[in-house]
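Each of the two complexes below includes chain A, the first together with chain B, the second together with chain C.
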Partner chain A sequence: MSEQDFTVAVFQNEYLPEGGQDVNAIVTVTSPDSGMTAGPGSADAAEVIIVDCSGSMGTPRAKIAQARAATAAAIDVIRDGVAFAVIAGTHVAVGAYPHGGTLVAASPQTRDEAKRAVAGLQPGGGTAIGQWLAMARELFLRSPAAIRHAILLTDGKDEHETPADLTAEIAACEGLFSCDCRGVGTDWVVSELRRVSTGLLGTVDIVPDPAGLTADFGAMMEKAMGKQVADVRLRVWTPQQATLKFVKQVAPAVDDLTARRTQTGPQAGDYPTGAWGAAESRDYHICVRVPAVGVGQEMLAARVSLVVGDMIAGQGLIRAIWTDDEGLSTRINSEVAHYTGQAELAQAIQDGLEARKRGDEDTATSKLGRAVALAQESGNEGTAKLLAKVVDVVDAATGTVRLKKSVDDADEMALDTRSTVTVRTKK
Partner chain B sequence: MTEEPADGQSRPCPSCGKPVWPEDNFCESCRAVLTAPGVTAVGTTPVAPVCPHCQSGSISPDGYCESCGRKMPSGRDHAEIDLGQLAGVTDRGVHHYRNEDALALSATNAAAGPVSIAVVCDGVSGSDRGDEASQVAVEAALTVLEPAVRAGLDEATASTQAVQAAQAAVAGIGGPPESSMAQDAPSATFVSAIITTEAVTVCWLGDSRAYWLADGNPPTGQQLTTDDSLATELVSAGVLSAEEAPESPQAHVVTGWLGADVSDRSARVLRFVPPSAGAVLLCSDGLWNYLPDSADIAARAMPTAQADPLGTARKLVDFALQAGGSDNITVVVAPFPPAASLAANSADPASEPPTQPGARSDDE
Partner chain C sequence: MATCPDGHESTATDFCDICGMRIEGAASNAAASAPAAPAHPGQAAAAASGPARETCPNCGVERTGQFCERCGLDFSSGTVPPSGPPVATSLSPDQAAEEPQSSSAASGPSWSAIATADRDYFDQVVANGGPDAATIEFPDYCPERRFRLSGPQMRIGRRSASRGIEPEIDLTGPPADTGVSHLHAVLTAEPDGTWALVDPGSANGTQLNGADIAAGVKVPLHDGDRISLGGWTVLTIHAS
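Right after this comes the complex of A and B.
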């Protein structure tokens, strides 16, 4: 194993009872400390910042001012040599900097020019997020950079195009660049931005107060600058007659990758994981259904490999061993149990909020109650705090809650956007 | 890598055929014990080239079928060692997914004549690397026993040193991997026997056993070892009867073992002077589970044990497999007195490698 390899650790109970078929495992993938590639160099990265300049950004006036300041802060973090551009988004997309529809290499001079251009951004017009992404895509297509990343800021609903337009544009961008999305205020739609961030392997979050944008943008760009290797894929081999039930990223956040499979061989498929920074660690939950064989037999249920370019950069084995020893087959693997709970937690919150919007208070109370119990049980304090702003918790352990009569929109949207954020098991 | 001496001094490993050099204690390819000519032990053989389950010819380097995912049988699933003057057979059994028993045999000579040496260890289930534990234990023990016996050290001292070496080897493996469900440190039982023309010296820790089987009509059997097990303690405390003990859930809870989480029990040594000709039988609990009464073992072994050690060991292993094979099974048969004439049949082990039926059907 070379020092450039990812480490892959598999946590599972490999023992199945007689006739057992479902094999669950948590696969922890950690990227190397450094030197993953032959030094990506600044020229290997490209950044596009997309700033919503629709008319609503002018109300209150501070919103556009904070967006300008945040964009300037992000520009300051871009390393010398990284190709970058700023797009002003309305019902169309306009190159705010540079003007020629290209990317420009970051330098003290170009960063200053960009900040001056950003300072002149004025609100006015509509919102067509697909148009913004299309311009970013065209910019990235002309760039040879391996690591391509965008930051998208909006404050409103995607009104000036159809949902199908946005869906088609997300599909066109998939695999070309990753995109972190931020919604400022409470007039934007969580599900819309989540479609963008999920499709483009990024994050989504709410910045309720425009004053918080600068710090958030700076941090986001710092993280983007730390990415060292692009287009890492998780390759999963399974035996004949086996079914891969799901492949989910479960830490740092839940992201179901099952439908993102690209077949790479008769028994193998790749799942995209995007770009990785140094010493970054993520957990995946993989569930395989295998044909049951006799007690005492062992089967390889899945071989999980990290693929960078054409190279296998680490692998782990998910095994199945059939036993008639119930003491072995009934053991619960703590990692698998923990992340099964975290995925259920995210789902319960989304279902609960959805029911609440529909006016189905019974379902909302039961789902959000279940979420409170799961958050408590797993020590997910961040989510527990967000839940407590939407429901009155009577008894966390049993999940007994009452819906709050009035809930701040920002609190509800924060719970929705952050529902997928998980905590790791205490080791 | 060790320094390789000029070619020409190497000989083929009796177990796998790869070249080995005179100073090697073990074959670097298959881990067979090479301490002296005529000595061999269980090693792992290369995986079968064709999957016995789906007939795919594509096997991954880590031993899984690239088509159906099944683990390929290893040489250790069933292995036989025939040194002429003694022989041993080990088998994975029916219900366990790997063989955690190991054995090492030696047919050697001391000043007083031919000597048979045998070591059997059984990886304790519930410890994650029981297979590794038993293997390093038999290797370490034989590495000590073989030269000690040839040098004329008294057998009891040699046995004590050997079990200490085995203990150190097992403790040196380290703990279970972090990702494993098994929480216990690797551990194994131990039983050894040194059979000279005058006496039998056995040494044990755990519940692997040594029996004396006497020629006669009917043949008689005598268990030389006393299990370090909860069942045995309960019998001696009068809580269970000897008849109830094998049926009790405690029958397999060992109270002494080799390993890092070492028990407070130390190995016991017994010197036994046989009154007549006969044979010594060493076995793991995979056999005595099905034949708890030593008279039954004697009845099945004795007609052939002296003339055909390998055939007798095979027969007993087959019996345990037919009876259910719930555990790994290992049987060693060593006639007394050790018969050098038998040993002469396989003086050159390279010409008669142990049989390794790698692709036996172990389906459902």
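Right after this comes the complex of A and C.
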């Protein structure tokens, strides 16, 4: 182990009963403090800001004004030397800055030019998010930068292309760059932006009031500039005849990576985790089904490695030991139980809101009630507060709730977008 | 290059590259981090016993005591026990001490029940649309729980502090199957050493091998029987 390695901690109950097969573990991965593998200089990063300039951005007038101010604030945070561009998005994508369809290196002069160009952005036209991503992809393809990141801002529904167009474009962008998405106002569709952000390993959030954009964009860009190592993958080896049931990121937010596997050997596969900043920590829940062997025997259920480029930069072991001591095998690991609950919480919220939209009030009440109970039990106060804006809580412990008669659209969308945000156990 | 207990060649020297089994002699993290009572004291002792190693002439496993952990060969006489399965399962001292207290005759089979989450049963419950069907979710993850049957009876249910119910087969979870009553059913030890199932009148009923059983009627159990209850819980009976 060197100082530049990721640390990997495994939390599990390794004891299985006779004949037991399912091994669950929470794997906490933490990146090094600093001096990461040949710490990339500014020249190794590229940044694209995509601003929705469709007609609806002009109503109210303040929306486009705030979007311009927010973009300018984000531009101010881009470090010298980082290659960047600003795209104005409508039913087509146009390079707002620079005009030549390339990226330029950030400097005091180019940042000023970019801000002047952004100040002249005018609303008009439709919305085709796939077109915007396609242009960002073209720009990134011409850049040698290792860390590639985009910010996408929209206020409306993706209506000037088919859902299949967007899906195809997201697939084309996967692995090429990461993208944080922000929806301003309440006329955009959470599920659309979530498809972009999960596919491109970024975040999605609502900015209900355009006045909040500037601070949010600045913070998002600060975070992007803090990324030190790109394209980190989680490699999971499992024994012959074992099945990997799922690999999920569970903190800071739930993101199921199971379907994102790339086979790297007969018994190993890689899962993408994107770019990491210094001393960043994330948790993963891994579930493996292994063939049962005799009591007293020990098996490696999974070897979990962090892969940067071709280098292994950290490793953890998930083990299985068969025992006839029920006191050991029936124990439930507190981390595993906690994150199982957090994943269920996110699902209950999404199912509950979905049922509410369909008008199925019974299901909505029971799902959101279950969510209230889970949020209370696990101490997820952020989610509990968001839930309380959508339901009247009669008894949080048992999950007894009533649907509110009228709910602010922004509150419902905030609950939906932030449903996957988890809290950690107190270790 | 190391060789694992199953004979695979492995580049990794801690666990086999192919089957994942611990390679004998590799320093066991388990021994260092395991709770006070290791599941396999023999192996832990072996890891600490230093360089002098002896392997079983019969099966090649490293010697950890007078008897081979794998095939049961007696190192002092060089003979393999004539009866029983070829690969003997080692019993922990705790378990050996428990056996005589079991309600079944010392020579009779030992009974156990394994609780699992069963997708097929869950799908059937949802399809039948019971009163709570919409609120029950199939758990993402559910550890198998094994209960050894002993004493005059084993109650099946979920712990309730307020009602003073502490079932021997406690299905409280997590994950919780909320369709299981606090006192859902009871397994009773029969004079002939077998076990029987009674549903005292649970809210949602109990199935044995897919068929509902009548409340309050004792039904004899056999090896392999499946008791389904709640939203997704299945208890499989083992008599061996």
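Quick note on the criterion: the second predicted complex is superposed on the first by the 427 of 427 C-alpha atoms of A that agree within 3 Å, B and C clash if a C-alpha of one lies under 4 Å from a C-alpha of the other, contacts with A are read in each partner's own complex, and residues count from 1 in each chain.
Operating definition for what follows: contacts are C-beta pairs under 8 Å (C-beta built on N, C-alpha and C of every residue); 3 or more make two chains touch, one makes a residue touch a chain.
Since the structure is predicted, the reported quantities are computational estimates derived from the model, not experimental observations.
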Joint occupancy of chain A by chain B and chain C, clash or fit: clash
Touching partner for A:299 - first (chain B), second (chain C), both, neither: both
Partner chain(s) touched by A:330 [first = chain B, second = chain C, both, neither]: second
Partner chain in contact with A:381 - chain B first, chain C second, else both or neither: neither
Chain A residues touched by each partner, larger count belonging to chain B or chain C: C
Which superposed partner A:112 touches (first chain B, second chain C, both, neither): neither
Touching partner for A:363 - first (chain B), second (chain C), both, neither: second
Contacts of A:317 with chain B and chain C, given as first, second, both or neither: both
Touching partner for A:11 - first (chain B), second (chain C), both, neither: first
Partner chain(s) touched by A:242 [first = chain B, second = chain C, both, neither]: both
Clash-bearing segment of chain C relative to chain B, given 6-14, 186-194 or 204-212: 6-14
Common interface residues of chain A - those touching chain B in one complex and chain C in the other: 13-15, 238-242, 267, 290, 293-301, 303, 317, 321-324, 328
Residue ranges of chain A in contact with chain C within the complex: 13-22, 24, 238-242, 246, 267, 287, 290, 293-301, 303, 317, 319, 321-326, 328-330, 332, 336-337, 340-341, 343-344, 347-348, 362-363, 366, 370
In the complex with chain A, residue positions of chain C that touch it: 12, 14-22, 28-30, 35, 37, 39-40, 42-43, 69, 87, 89-92, 94-95, 114, 134-135, 137, 139-148, 174-175
Touching residues (chain side chain B, partner chain A) in the complex: 53-54, 60, 62, 64-71, 92-98, 178-179, 181, 362-364
Residue ranges of chain A in contact with chain B within the complex: 9-15, 238-242, 267, 290, 293-301, 303, 317, 321-324, 328, 331, 333
